[in-house]
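Report on the following structure.
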Amino acid sequence: MPTHRNNRAPVRVTGTEFASYTEYLVIRTKKRRELRHLTPELEAIVERSGVLDGFMLVSAMHITAAVFVNDNEGGLHEDIWEWLEKVAPFGPDYRHHRTGEDNGDAHLKSMLVHHEVTLPITKGGLDLGTWQEVFYAEFDGMREKRLIVKVSGLAG
Amino acid sequence: MPTHRNNRAPVRVTGTEFASYTEYLVIRTKKRRELRHLTPELEAIVERSGVLDGFMLVSAMHITAAVFVNDNEGGLHEDIWEWLEKVAPFGPDYRHHRTGEDNGDAHLKSMLVHHEVTLPITKGGLDLGTWQEVFYAEFDGMREKRLIVKVSGLAG
Amino acid sequence: MPTHRNNRAPVRVTGTEFASYTEYLVIRTKKRRELRHLTPELEAIVERSGVLDGFMLVSAMHITAAVFVNDNEGGLHEDIWEWLEKVAPFGPDYRHHRTGEDNGDAHLKSMLVHHEVTLPITKGGLDLGTWQEVFYAEFDGMREKRLIVKVSGLAG
């Protein structure tokens, strides 16, 4: 098998105290479509959770938003918006609009990007790669939207 | 940071009894392509699990199906099918069909929508937003397909 | 509700010993774009973890790669590459390239396929369907890339 172990050694921890910690974030964007960088706030939540090893679920509680991991680079973010608009375009012709809405594209963009990510927690911190940053993607904003952040795992 | 806490206060629970509960669902759709609303059955599984705080994984055990979270609105569901057909169309020209199959599009649709979701469990129930509903998407049905539903977390 | 239980009975396990085990894999592909079949190595990691029931997170630590579950069939893999190139094409015109990179397409492909999967562990093994296999998808390789594999759940 051509994969091999890194110098980073395997980590095994066991224990009898399990903790689960949940926070709800509220985001109200100024524009209808906007990215929000979440990593620093998520790192603070890991610390408040007391969880040393486990998982963090970051999940939009709305169906016109998404969460993803990628690069914090402005040019790429413009590319992402252009790409989302190409694959799931805004437009007047969605059947969903018979309900009075005009955000059919936002539902499809949410499916395309996915509404949640699961992140690893090791040694009390987010265990991400060098360039990995977590973003909230708002596709129909300018109103209060919620995110749930749940950390579960071994504590203390 | 422009996010702020909601009125919903953070929840931290710890304990020493951890439970993991698994059910396998079987779905046989009448049509080749069909959506199935899963939320009520998933809520019943949380209750049977006895898990009070943790995660639920809902994962198709097949590679021509998917699971997603979005709105339970019929017009939108038609939009979703039209969009899936545009981005990953049914057709005769897939190399996968050299195996005798005709479902190359179903594999691509499964990758596009994603075959699994992880849902948060808080206070013994699914912790979803107001409009979030869970769906199984069948892309090559009319035969028995399985889903695994696993709930893990603090119990009692 | 038209779903019904399979012959596979529900499984509930409880305990007080929780374990979390993490390995980091390094992959260096020979080609810029390449799929790598991970299932056998992941099964070995479950065994080394000692976890009997819980979840495994398999997550690329890079933003130009992805992890997915689908069929181990060569024709389908060619279809997947052709589809990825159609939906998120390689090209010179990404704004991200103003940074000196030429991999804008690889970031979009990573978002499309998703960078991580969560897999169920039951009775000490990966609980996958008959045809489900786990793949690493490299979109900008020929250099060392890392994956984190974390298994958490009940042990012993």
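Brief remarks on what is shown
So that you can tell them apart, the chains are marked A, B and C in the order they are listed, and the count of residues begins at 1 in each.
Note that in this section a residue touches a chain if its C-beta (ideal position, glycine included) is under 8 Å from a C-beta of that chain, and two chains touch if they have at least 3 such contacts.
For clarity, every value in this text was computed on a predicted model and none was experimentally measured.
Annotation, chain A versus chain B: rotation angle of 120 degrees from the Cα superposition, expressed as a multiple of 5. At the interface between chain B and chain C, under half of the residue numbers involved are used by both copies, so each side presents largely different positions. Chain geometry summary: the mean Cα position of chain B and that of chain C are 17 Å apart. Within chain C, contacts with two or more other chains are made by residues 16, 18, 55, 87, 112, 114, 118.
Chain C meets chain B in the complex at residues 1-6, 8, 10-16, 18, 53-55, 68-71, 73, 75-76, 78-80, 83, 87, 112-114, 117-120, 122, 127-132, 153-154. For chain C in complex with chain A, the residues that touch the partner chain are 16-28, 36, 38, 40-41, 48-50, 55, 57, 59-63, 87-88, 94-99, 104, 107-108, 110-112, 114-116, 118, 146, 148, 150, 152, 155.
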